[in-house]
């Protein structure tokens, strides 16, 4: 693991997600940006001190040289480190599981793209919300035509943790780097959570954004990146949509919600209650589909661990990406292609996300003009 | 009553709303556009046949001439009749309670404005959703500063009854006139329900829309007006917002929902569950305020009839407009101004709605350019 | 109207319910137990002072003697007055619409039964919750066999307004008479709200209670009647059930909830969200049936006024009893039987309720022994 | 691990729960009741074939003899094996984590009690629902007096998977042993899920059941144990309650719900939406407390892994028991007592559960007479 030392919320999430299905052992790390803190964090996690490295470069070199070196690495640093770190491992044939967004800048994204294309190793991007069983169910239903031609996509991701200037208190590392364009990229809320919303909408519908009109805004005085974004979407099949993301909406903890409407029906899902999917065939009563319940199909059941009514959550959804990655890695080691590889987000989704962020910023600077991502 | 004969959903609603608090008696009507059907409908409603008129002109003249003539008239026709009918009664000093939107066209609106300004009689526009107790509560809380400065306004109004071409079946009068630009005006969903969403957002926040960017669309082949609208909003205090209205979103019956976020807290309300208002002071647990419950204040209690937990609905909210109008009429008859007259929608709100429709259409024709309503 | 003067919550409810569909005019009343207050209340409601009476006896006599005397009377007094007041009108051939429970005591019930049987006039008991459209829907579905043989009935009615000793504050008339055995009867919560729960369960399932085991309790020191009741039910088809009612459960405003499970499916309904009915055919996804929505049938639609998504509530449900009574009265005046008379609660339901209260008290005094109602 | 081979739902749950926080490695097992299947299951899970045993006796002996033998064992067999298996390991000083209920019979429970008391090793019973953060929150709030004296406890656990005779199809191992008195014990639903409801109510309130009146029933023809139970409760502080459990209630997947009402407030929680806890201080609006949200305190936060809005579920709650057990074992190895040992269910809770089952059966056989557990 690269990154994920103390104070790093997402590192612990990745570690649990990797453990849930027993497919990974954590054996090495460059967990912090200073050698000493990296070692401390590693030992605290039970790593062999010899495999606690001071930098990702050192780690990539040393692990590649070991006969028992790591097969895959998780990169969970701030965004500006994603690119160089991933490249260092990919170059050495080590599979990479990387947090989103792909990188902090378009230039870094292009460099990383080259590194990925030049490597035989796999690159998986943890757009974790695509791992939820009922999201897989929604995608499968739309692919099967249950909604008919898609007309409308309403997606939103609302939080409230940046309602005040948390980055200015001196005690909130998360808020600091996520509102720092040097580390986070030019997008604030749009990069941190808007990309998740964009990715989810595309994953579920199978559509792409053809053009968008974005009105980004920063409500908190002194904030250097957007904390709210209102975006009109035109999708490649003629569908229209809206995307709202905000980190200043009091009462919203982690409100990622997706609604899709087609000629024949509608689907509604919310991340905070992820075991439910609302399905309305036009002209019939609304149905509550539940994970592993009567209405759940193969796509959902393949990534469920417990019977209906035993709620699975964020960590299990995240674990579905990790376990899918493990299967893909195992297949790759056998020179095969995992059958469900197309369900795993990777380079393509990462580039789409970067183009989305870039397009939003371009559009917003041009007073919400329509731009092509 | 003008309009509201057979097959007219909204006429029956107005009649019940007028009855609930016992403030009105229905004694005369021009209920249909043909004299015979008007008479039949009137007699079926128990009207004296002598007071069932063949046209609103006839009715206005005859009632104004009677010593026991009507004090007020309800106009519940298709939109293109609102203006001339209202003017006919206003001219004769008869108070008018009129369905929204104000008129079908901007030109009609200007004519009606002149008629209203020239009359001593009151003109009330039934933006009925402002009559809900918890909407009054929300408005009062925002006015009192409970949310601090408002930053974000998310409002939507989703239905599904026009998902298919109901207007082409030959059996759905409602669908026919509401999708006919001659009778409904140039706006489809934006005029029928978008104006309610716009009005509600402004009523609750006390803000106005400074500029908007609208993407209107008609998904059903052959439909002559928009059936879906995606709109970016910029409000006069610097707040930003989104408005979505749709009549082709399967699974939505009458989904008018409003969310408002400010520096200090957030409010969320949905029309289908109108007795609840969610309030989150930033940094504290979300609270469920209920009509006549512990968290409801004077503004809500003044328009509630039953204790908490005894749900009041659409008709009671509508009745609150009618009963407010009765108080205003009684005050006017005593040459006074009713203390809560500013809570009643009228000319100003009607013009704002017309400018909103017009701005949406102008913006959409210009590829969602920003326009001023 | 008898009773229903100032401070009387339920009187105003009856008046609105009678008005909603325009079937009744309020023309006379004995609204309070003292002549003077009765007159004041009547005049405040717009009654002719000549028809504001000092007692129900006076009113019954005078109205029966008038050529334009009332056709029907609503009795909305405390429980101990129901019997004698109803009898006074029935004796004179005036139809009676009476609040529940039937009377305060079994002896009064027997006397009233005799009066009803001796009269040609109708006797309607306002078990108003049976008027909700989705309750009619549930009843029709069960009667049609959609749930198969019923096995389990879970019904509850929870409130919190008596959590503290509201009757001892000297300012709460409602709390005073409802906790006074002389006026309310020996049952407290069991009479006030438990009877509604019992009636609703029987109305929906078509079953009767064969035996019950009741554990009544009074939690508030000094309270003279039960404020909480836990009851096991055995129904006449072999089904089992539970009834809980409480007036000391903080967080419950008017929580009447019914769940019925059969061999083939389940139904769930809650009074505070009355436009929804949850239906699960065993082995299929849960469906949300909505008033006037795709899954609503004739039984519900017959008592609905507005399209789906336009919430109807407590007053509309109550009005359905009043309007049903109007149809029944009109039929009776034509010497006919209204086709839906069996949907209206009356003597039979009233007696069942009295036997239920009596059985609960007997059982509880015998340490929750099984008794037959 | 003993038990938990193929077809064993709960074995996989225990393995994931043990892995989530990285405190356990699975190294040995007697996973099935036949040596061959045990070996197959073990190898499939990646165990060393030498540590795949044919019986728990063999495993206990061999592991105790190894220098690297297991420190703790998880017992996840049908109920009748719990006692002898646990005793075999406890006798050898190996800590035991055992599924509930304690045993199949009271006699087995007494034997196991003796074995536990005679051993220095720890015995943890996986009443896993006590591991949910918001359940810990509820317990802490009640202990702190937030609800005042507790008056009413409503607990229920409803499922529908045995609505039909699943045990007679020949394909449902779960249904077979859970309805077989030889393997499950005399209680059906009451033992399988009623014990969870009983345990949860006692854990949260800190109260015990002083007497109960139970009406058990088996609705499915041919079923040998109860599939529905209705129970009145009297608690040791004078509170009253109800417990309903059912496996034949269509539409309920895993509906464990707890509501507790006291003199000063109420709490409501449902297992299927476990990140929420509803709290109403009497006379104030209802509040929605969320895991790691503004209203969550130390007791909940200590067992939460992710920020609010990132749902944790059944497996995380289960893992909290396992991780608590790991801390307790580590403390025991250091001859200390873990500070939160009293939060872990063990012998005392197991015996209370057995007495509860036994009392229900005794009461029900005596027509729901009051009995003391």
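So that you can tell them apart, the chains are marked A, B, C and D in the order they are listed, and the count of residues begins at 1 in each.
Everything that follows uses one rule, which is that a residue touches a chain if its C-beta (ideal position, glycine included) is under 8 Å from a C-beta of that chain, and two chains touch if they have at least 3 such contacts.
Every value quoted in this text rests on a predicted model; they were computed, and no experiment measured them.
If you take chain A and chain D together, the chains in touch with both are B, C. Using mean Cα coordinates as chain centres, the one most removed from chain D is B.
The geometric centre of chain B is 35 Å away from that of chain C, both derived from CA atoms. Chain C and chain D have CA centres that are 42 Å apart. Our note on geometry: chain B versus chain D, Cα centroid distance of 55 Å, whole angstroms.
In chain C, the residues that reach two or more other chains under the touch definition are 252, 279, 286, 290, 293. Taken as a contact graph, with one node per protein chain and an edge wherever two chains touch, the assembly is complete, since every chain touches every other chain.
Within the complex formed with chain C, the chain D residues making contact are 151-152, 154, 156, 160, 163-164, 213, 215, 217, 219, 228, 230, 232, 234, 240-242, 244, 246, 248-252, 259, 261-266, 268, 278-282, 286, 367-368, 370. Touching chain D in their complex are the following residues of chain A: 9, 12-13, 15-16, 19-22, 46, 159, 161, 252-255, 271-275, 290, 293, 305-316. Contact residues on chain D toward chain B in their complex (touch as defined above): 279, 283-290, 293-295.
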